[in-house]
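Listed after this line are the structures, all set down as C-alpha cells.
After this come two complexes, each holding subunit A, first together with subunit B and then together with subunit C.
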Partner chain A sequence: MLDADFFRRWMTVAAASVDREADRLTALDAAIGDADHGSNLQRGFRAVTAALEKEATDTPGAVLTLAGRQLISTVGGAAGPLYGTLLRRSGKALGDAAEVGTPQLAEALRAGVDGVMALGGAAPGDKTMLDALIPAVDALADGFAAARAAAEAGAVATVPLQARKGRASYLGERSIGHQDPGATSSALLIAALEEAASGAEGSR
Partner chain B sequence: MSDGKPVGIVLVSHSAEVAASVAELAKGLAGGAEAVPVAAAGGREGGGLGTSAELISAAAASADRGGGVAVLTDLGSAVLTVKALLAEGDELPEGTRLVDAPFLEGAVAAVVTAATGAGLDAVEAAATEAYGYRKV
Partner chain C sequence: MRMLINVPETVVADALRGMAAAYPDLTVDVENRVIVRRDAPVAGQVGLVSGGGSGHEPLHGGFVGPGMLSAACPGEVFTSPVPDQMARAAAAVDSGAGVLFIVKNYTGDVLNFDMAAELAEDEGVQVAKVLVNDDVAVTDSLYTAGRRGTGGTLFVEKIAGAAAAEGRTLERVESIARQVNENSRSFGVALSACTTPAKGSPTFDLPDGELELGIGIHGEPGRERRPMMTSGEIADFAVNAILEDMPPSSPVLVLVNGMGATPLLELFGFNAEVQRVLRERGVAVARTLVGNYVTSLDMAGTSVTLCQVDEELLRLWDAPVRTPALRWGM
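The block that comes next holds the complex of A and B.
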C-alpha cells in the first residue's frame, strides 16, 4: 500500500528529476515553444517540495492536492494549471484514505488526466503531455516500471506528431520532428513513481 | 441590469505592461468609467512574462463589488490558469466568469458596457460580440 510518505517521496523525486532535466526540457521547448518549460517546472516543483516541508499532509490525497495547488500558483506557464489540475484532481479522487493501492492510484490519475483533457481541450495524438500520461495510466495495472516504460515510449512517439494544441500548434508542420516537452516532463513524473517506490530518493 | 452593483473587469495578460495598458485604454475609451472597477493581472509575480494565479486572485478580489467579475485573458496559460482557478471553486469571488472575447476589443466593449450599469450577462455578451468587429 502507498501512504502519504510515499506520495511525498514521489513529489521530492519528481522535483529532483525536473531539476536534473530542466535544461533538456527547456531546450525541447525552445524548438517548438517559448523556451521556458524547464525553468517553469523547476520553480513549480521547488515550491511543491518547500510547501510539503512546511505544511503537514497526512494522506496521499492531501499531498497531491497541496502539490497541485502549488503548481497552479507558481509555474507561470501553461504547465502550471495543467499539471496542477492533474495532481489536484487525482488528490481529490483519493479522498481521505490513509493508504491507497496501485489500482486506486491508477483510477485517481485517470480522473486527473480527464481533468487535464477538459481544461486544455487536447486529445491523444495532439503532441501534448497526454501522449505520455494516458499510456502510463493504462499500464499502471502492470506496475510502476511498466507505467514508466509506457510514458517514455509515449513521449518519444510524439516526435513525428504535429502539434495541435498550445503555442507549438502555430508552427504547423514545422512542429514535426521534435519531441514534445510536456510529454517529456510527464514521463519524468511517471518515472519518479518507480523511483519513489524503490526508495532510492533522488539518488539517480 | 445589475442591482446597482457594478460588474468588475479583470484583464489577464502574459505581460504586466499589456494588461495595465489595455486597462487604461479601455477606461479612457469609456470616458473614464470611474464607477467600473478594472484590475490588471499581467505577467508573473516579481516580473517576467507569464501568468500568476496570485495576481489573478488579487485582481479579481479588488474588482469585485458584488455585481460579478468578468475576466478577459490573452492566450495559453492565462486562459488555463483562470479556468483552473474557477474549477477550484473558492479562489475567485462568487460570480466570477471567464469571458470568451478578443483581449483588447473585448476589454473596451466590457468596460463601456459595464459603465452603463449593465449586469454581467450583458457585459459578457458585449465582450464576446467584439469577435465580430471586422476591420476590412
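The block that comes next holds the complex of A and C.
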C-alpha cells in the first residue's frame, strides 16, 4: 500500500529529476517552443517541496492536491495549469484514504489525465504531455516499471509527430523531428514514481 | 551573450522595481507581480486587466494608466502569469462596474486567465474576457492552438481603455474590444532570433543572409525561411499577407512595431515602404504609430498591424491616454 510518505517521496524525487533535467527540457523547448519549460517546472517543483515541508499532509490525496495547487500558483505558462490540474484532480480522486493501492492510484491518475484533456483540449497524438501520460496510466496495472517504460516510449514516439496543440503547433510541419518537451517532463514524473517505489522497497 | 542583468532568476523582479522608481503614477507590487494605476479603482469605470509573459515590454505594464489598462500582470519571461496575479489585479481595479480581461491567444495565457476569472468571480467580481488573435501567419488554425495575439493587442487595449474611461458598461467595453480584435491583423518578420535570460543563447539559429517570415513574439521560429529581402520587399510581403486575409473597407490604423533590436531609423524607413504598399493597394490610412511596443526581447525584426476603424473607433483611438509608453491628449 502507498501512504502519504510515499507520495511525498514521489514529489521530492520528481523535483530532483526536474532539477537534473531542467537544461535538457529547456533545450527541447527551444527547438519547438519558447525555451522555458525546464526553468518553469524547476520553479514549480521547488515550490512543491517547500510547501510539503511546511504544511502537514496526512493522506496521499492531500499531498497531490497541495502539490497541484503549488504548481498552478507558481509555474505559469500552459504547464502550470495542466500539471497542476493533473495532480490536483488525481489528489481529489484519492479522497481521504490514508493508504491507497496501485489500482486506486491508476484510477486517480486517469481522472487527472481526463482533467488535463478537458482543460487543454488535446487528444492523443497531438504531440503533448498526454502522449506520455496516457500510455503510462494504461501500463500502471503491470507495475511502476512498466508505467515508466511506457511513458518514456511515449515521449520518444512524439518525435515524428506534428504538434497540434500548444506553442509548437505554430511551426506546422517544422515541429516534426523534435521530441515534445511536455511529454518528456511527463515521462520524468512517471519515472520518479518508479524511483520513489524502489526507494520504498529498499528502505523497508 | 552579454546581458544587462544581475542573474536570470531576478530579471522580472528587477525590472518591476525599476518601473516603480520611474513611474510614480503606478503602484507596482513587486512580490505579487501586479502593476496597477495608482488611482484604481476608478468609480463608475470598468477595470481593464491584461498580462502575459515578460519580454514584450512596454506591453503590458507600459500600457497601464488613464485611458488604457487599469492593471497588468507580468509573468516570467515568455511565460504567462499565474491565476493568483490576475485575481489580485481584478480585486484591485474593480469599482463594482466589472473587469475585462484582455488575453492574448496562447494556450498558457488562456488557461491561466480562465482560472483567474473563476477565482475573481468567487470573490464577487464580474469578469468578461476578450481574446486577441490577430496574427495572420498562423494559417491552419484548425490544427494549431489558433492565431496568436500580437500587435493588435495594443489597439485593443488602447481603444477599450478609452471606452472604459468614458464610463461604458462592461458589456459595451467587451464588445468594443472584440470589434477591435476582429478588425485587426498582424504579420511579423524576424531578422534574428532572441535570447531568453534563462537559456542565454538564441532560441533558434538564423544563418546570415536569411530571414524568418511569420514569427510570433516568443522567439519561436516562424513558418518559412527565405534569403534576406529588402525593406520594400518585406513590406510587400507583410502587407499583402494581411490584406489577403482582411481586405479593408474603411481606413486603417497602422502599427509598424519593432521587435526590440531594430533601430528606429530602420523602422521609419520600413514604415515608408508599408505606406507605399497601402497606397498602391488603395487602402486609406487614418493614423500611424511607429516604435517598439510589442517586442520579443532582443529580436531584430518588425511586425505590421492594421486595424480597420469607423469614426467611433477612431475617436476612441484619439482619446486622451497617459501611460509610460503611450501618452497623448492629457
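In this text, the second predicted complex is superposed on the first by the 199 of 204 C-alpha atoms of A that agree within 3 Å, B and C clash if a C-alpha of one lies under 4 Å from a C-alpha of the other, contacts with A are read in each partner's own complex, and residues count from 1 in each chain.
Following the convention adopted for this analysis, contacts are C-beta pairs under 8 Å (C-beta built on N, C-alpha and C of every residue); 3 or more make two chains touch, one makes a residue touch a chain.
Since the structure is predicted, the reported quantities are computational estimates derived from the model, not experimental observations.
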First, second, both or neither for A:A62, with subunit B first and subunit C second: neither
Greater subunit A contact set [subunit C / subunit B]: C
Partner chain in contact with A:G76 - subunit B first, subunit C second, else both or neither: both
Contacts of A:I190 with subunit B and subunit C, given as first, second, both or neither: neither
First (subunit B), second (subunit C), both or neither touched by A:R164: second
First (subunit B), second (subunit C), both or neither touched by A:N40: both
Partner chain(s) touched by A:V100 [first = subunit B, second = subunit C, both, neither]: neither
Intersection of the subunit A residues that touch subunit B with those that touch subunit C: 36, 40, 72-73, 76-82, 119-120, 166-167
Residues of subunit C defined as touching subunit A within the complex: 8, 53, 75-84, 106-108, 111-112, 115, 137-138, 140, 143-145, 148, 196, 198-199, 203-204, 216, 218-221, 223
Subunit B to subunit A touching residues, read off their complex: 44, 48, 50-54, 75-77, 80-81, 83-85, 87-88
Subunit C contact footprint on subunit A (complex, rising order): 26-27, 30-36, 38-40, 43, 72-82, 119-120, 163-172, 174
Subunit B-touching residues of subunit A, taken from the complex the two chains share: 36, 40, 69, 72-73, 76-82, 84-85, 88, 115, 119-120, 166-167
